[in-house]
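Both complexes shown next keep chain A, but they swap its partner, so chain B is in the first and chain C is in the second.
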Partner chain A sequence: MALDLTLSRSAQGRAWSAAGWASALIRPPFLLYAPASLFLAVFFLAPLGLVIWMSVSEPTVGFDNYAEFFASKYDLNVLARTFQTALIVTITSLVFAYPVAYVAARKGGAVGSFLLGIVALSFWTSFLVRTYAWMVILGARGPVVGLLVALGVNPPPRLLFTTFAATFAMAHMLVPFMVLALYAVMKRIDEVYMRAAASLGARPLKAFLTVYLPQSLPGVLNGATLVFITCLGFYVTPTLIGSPQDKMIAGRIGQQIEQLLEFGAASATSMVLLAAAVALFVIYDRLFGIEKMWR
Partner chain B sequence: MAKTVMALPRTTRRGLLSMLGGAMVAMPFIREARAAETLYINTWGGPWEEAARAILFNPFTAETGIEIRTIAPVSFAKLAAQTRTGIYEFDVTTLGVAELGRANHAKLIDTYDESKIPASSLWPGAVTLNGVNSHAFANIIAYRRDKIPNGGPRNWADFWDTTKFPGSRSLQNYPARVLAFALMADGVEPAKLFPYDLDRAFKSLDRIKKDVRVWWSQSPQSQQLLRDGEVELIGMWNTSAQAMVDQKQPIELVFDQAVIDVATWVVARGSPRTKNAWRFIEFAVGPERLAQFAQKNNYGPMNPASFKYLSPEIISHMPTSPQNLPKSVILDAEKLLPQLDVMAKRFEQWLST
Partner chain C sequence: MSRSTVIIAVIVAILLAGPMFIVVPMSFSTAPSLEFPPPGYWLGYYRRFFSDPNWTGPVLNSFLIGLGTMVLAMLLGAPASFALVRYRFRLRALFRLIVMMPLIVPHIVMALGYYSYFGSLGLVQSMTGVILAHACLSIPVVVLTLTSALVNFDRRLENAAANLGARPLTTFRLVTFPILRPAFFVAALFAFIHSFDEAVIAIFISGRDSATLPRQMFNSFQMEADPAISAASSLLLAAVLAALGAQFAARLVRKQRPAHS
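Moving on, here comes the complex of A and B:
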């Protein structure tokens, strides 16, 4: 943003020239973003370039790895399942997150801080730790099965290593993203609108549906995009607590490297995943503007 | 993984910065020192590493002055990545028969000749495909005695019989071993197992697929699944299964139709420390030391001279004992080698559809 301002201001002042560029580049904003750019170039762009190179050069030069990916029914199925899982997880976490964000934003005060505190705690706990926690909770000796047995469900259902377990756990892990995205938007919705709706005779539900919900939609979109794209890359959770049939694309990449030593094919699969994520961002940007995501 | 993260020392930011600064200044010297003094070994971590450290690593350091650092867990992919990138995280690792075949074929491991380890330190047949045979372990059936009280499965056909022995099952995510189970379950004689009849093996696997709740990949995971009662029957290593029996868990082991795999020591090709790596391997397969290491883990030592140092009682628990060996099959690296890639791909697809 800062860069844009500087550039446009200098553009107004004089025509573009090499000197203009140079002076724009060495102005203080450059110094501010240089460390980050350098860091990204070395630790993100360079390795990414290497992966792209591997995907078209191993074992032979050409696009064979991509051709094979799109010719393989199996790989396409894994890709489709990954999108399907991400969609289900996104909807599930929206269902859980919306009420939390709603109450936190509208009540505020102690209740709001308490709710956001819980969300933040969960947010700060690593995915791996939370996956293991779900292993304990859903395990054959865990509290959920214990409760079901106490209620007379015999034999109790097996919960671990099922699609349900993986989906539920992933939704749980991504709820904080959703809550924070929703909260940021909801906090800016003026209470006056709801009061106005009530004073005009709208019942609470009607007021919510026609006044509040539409205003909170940008938050829903932000949250859904974040959650969906994060979920596309999930590896540990479906591998550890999902059913063997739940393989997502990150797990497939892991297998290509760990067991098949197909570095080229794995790189191509990674690029497909990256392209899918970028495509989603581009669509989002076209429709809503990417800079809105972080507001 | 979680363990590693938590084991990180608590450091203040200033402490960390000064450490980083120090490390940067010292970097060239550290590299020099390491090349001469240190050997990096890829281990299975946990109890395996403890035993290896006490019986193999520390005595080696005491004798040679070469320090040993470890990297866990054993990762075939890392071995492959090392020779590609030229950055060596470890110099020595252990491989099972299937990985040995693939690693040797892909030229990931240093070639053996007598200049590396003199023949006098080894025994006939000690070296297979540039790996030095160290110890054998068996892939056996283990089941919960308390859940299957009236006599459990006695072979893989029983393990496959879900009406006679209802319950959840688990097998290792490792096709070279699992396909052997599947073929024996379908009635193939152990002597006629190799090379695998893949179509028949996968047809046999289809019958058990829905009863295998989880395909384990690390040995502690196999123990946890059985201990927590997530599964009633499992195909797992005799080593980790015996450890559970020793802990008085209600678990029964079946050595009939055990599939024996051999762990071999190999040196990463191109590592700057190959000389010390071979020196370590020579040390590690010395008869008495290998006997102790095998005893600690219920492995069968591959050095025949090791048996002199073991009591009959101990030997009876080993997969290569006179009681257990005749009931088992040994994975045939050479006959499996041409099948390994197609097997791995087909198994992965079979697993997730």
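Moving on, here comes the complex of A and C:
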């Protein structure tokens, strides 16, 4: 039997016996990966499994929660809004991140260090701190509204607690992620290609579009996938400065848990979010391999 | 590269960092609510931050939870990294997937899972619960950091030690660990920060007595009650600035000193 064979081989030819089993188990790879496996099974997979289970068993067994989700105009709107926001945030952050990563990767020196330093500062500063900064800036008594009033816009528009505020702030927060993903790919692009393009007579813009941009596309895809997925599950910022009526999916789950105590519905909504995130990761993994994403 | 491209990049970078610094004048402001520019300046909110147990408690909790997470994630993640890089075993692909999964599953989904799961285990609203949850999230961070260092590790150094008669554990203590020490340090630091910054799970499961700093900040944003939040934000920003500054200074010093002196 194939199973027997592998087991006895891993016990180095010893007979299929209790002793063989034991020696296979105290060998390095098992001893090294067993603790993490066990821990993640008990404290990660089990709670995740519980969400799956609750989605088909609370309050009654069956797929009612999913049926309700997909029959609810409200929930489908939440889902559509979440995807739309994630798309806008991804494109916006890409537009801002690309020039920063490009200059940092090609120029180096003091300008490069300055750019990377700023990106690191913003990357490592807590989302909560940056959300707070936007609360102040966009607030009813903040500088933007103050400026608009001084310019004669009366009454000033409401900026805080709108979908615009949340989208804008999320894009701002995710630019550093995008820059780092782009930079990781760009710094490996050999300068030789751009010089060759120039010496063959290509103008800078043409050289960039035909030579550099295509080579940087893996970084664009990396960053876009990472930002898009992060944005799909964003809870803190939309909850704090987004519109309370126009929730995103994570905020909807939070509401179902905390205010409505509908655990079955919350679980079904969670599974929809999880399915979207996993589907994107699977596509990405097929195309590029998943470890590349965080390097 | 044209000058205008560089200028655009610098402007974007300034727009990226600039808005964060608004929290600094806010922390010295006398205004009880979000008002900019501030009507006056004082140190009252810093005094409040350092004396009010509603703030000092969560700061302490966040440090303890971060340290617990760091220890647990290192103890579990470091061996896992060695297994992944150095051994080919059955179910290795599955193991890798399980280790990476916490990075993929949105935190709000896990918050719901832990809320119910720890509820039945009696771990909800406890520090232990938050540490266990954060350790799961930090394991992939540790594994990513350590595996990328391990892949580049020259195993001939270990073979040399073994040839000279060192047992495996001695080899690890005297050869492998010292060489990989920077990677271990960075992995541990990332695990700590990952926990210290985590808000969503902490908001749902940490409860009042084991509230973390992000949870306390989130709650005071929602209530718009406590302006000491601006002091907390400024201190967090200052911590990041100090850490990056120290790293930059260390690099300058290393550059100026001749190698191997």
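Please note the rule applied: the second predicted complex is superposed on the first by the 236 of 295 C-alpha atoms of A that agree within 3 Å, B and C clash if a C-alpha of one lies under 4 Å from a C-alpha of the other, contacts with A are read in each partner's own complex, and residues count from 1 in each chain.
Assume a contact is a pair of C-beta atoms (placed from the backbone, for glycine too) under 8 Å apart; a residue touches a chain by one contact, two chains touch by 3 or more.
Since the model is a prediction, treat every value here as computed from it, not as a measurement.
In the superposition on chain A, A:Leu128 makes contact with both chain B and chain C.
In the superposition on chain A, A:Ala202 contacts neither chain B nor chain C.
Contacts of A:Phe263 after superposition on the shared chain: both chain B and chain C are touched. Between chain B and chain C, C contacts the larger number of chain A residues.
Looking at the shared chain after the overlay, A:Ile253 reaches chain C, while chain B stays out of its contact range.
Touch criterion not met for A:Val56: it reaches neither chain B nor chain C.
With both structures placed on the common chain, the touch criterion links A:Leu232 to chain C but leaves chain B unconnected. Of the two partner chains placed by superposition, only chain B is touched by A:Pro244; chain C is not.
Using the contact criterion defined above for the overlaid structures, shared-chain residue A:Leu221 touches neither chain B nor chain C, since it reaches no partner. Of the two partner chains placed by superposition, chain B and chain C are both touched by A:Arg141. Comparing the two interfaces of chain A, the one with chain B and the one with chain C have residues 126, 128-129, 132, 139-141, 257-258, 263 in common. Of all residues in chain C, those touching chain A in their complex are 1-2, 5-6, 8-10, 12-17, 19-23, 26, 33-37, 72, 75-77, 79-80, 82-84, 86-87, 89-90, 95, 98-118, 132-133, 135-136, 139, 144, 148, 193, 197, 199-200, 204, 214, 217-218, 221-222, 229-230, 233, 236-237, 240-241, 243-244, 248. On chain A, the positions that touch chain C within their shared complex are 6, 28-33, 35-37, 39-41, 43-48, 50-51, 54, 96-97, 99-100, 102-104, 106-107, 111, 113-115, 117-122, 124-137, 139-143, 146, 172, 175-176, 204, 229, 232-233, 235-236, 239-240, 250, 253-254, 257-258, 263, 266-267, 270-271, 273-274, 277-278, 281, 290-291, 294-295.
Those residues of chain A that touch chain B in the complex are listed here as 74, 77-78, 126, 128-129, 132, 139-141, 158, 160-161, 243-247, 255, 257-261, 263.
Taken in their complex, chain B has these residues touching chain A: 1-2, 5, 75-77, 80, 84, 102, 106, 168, 212-215, 228-230, 341, 344-345, 348-349, 351-353.
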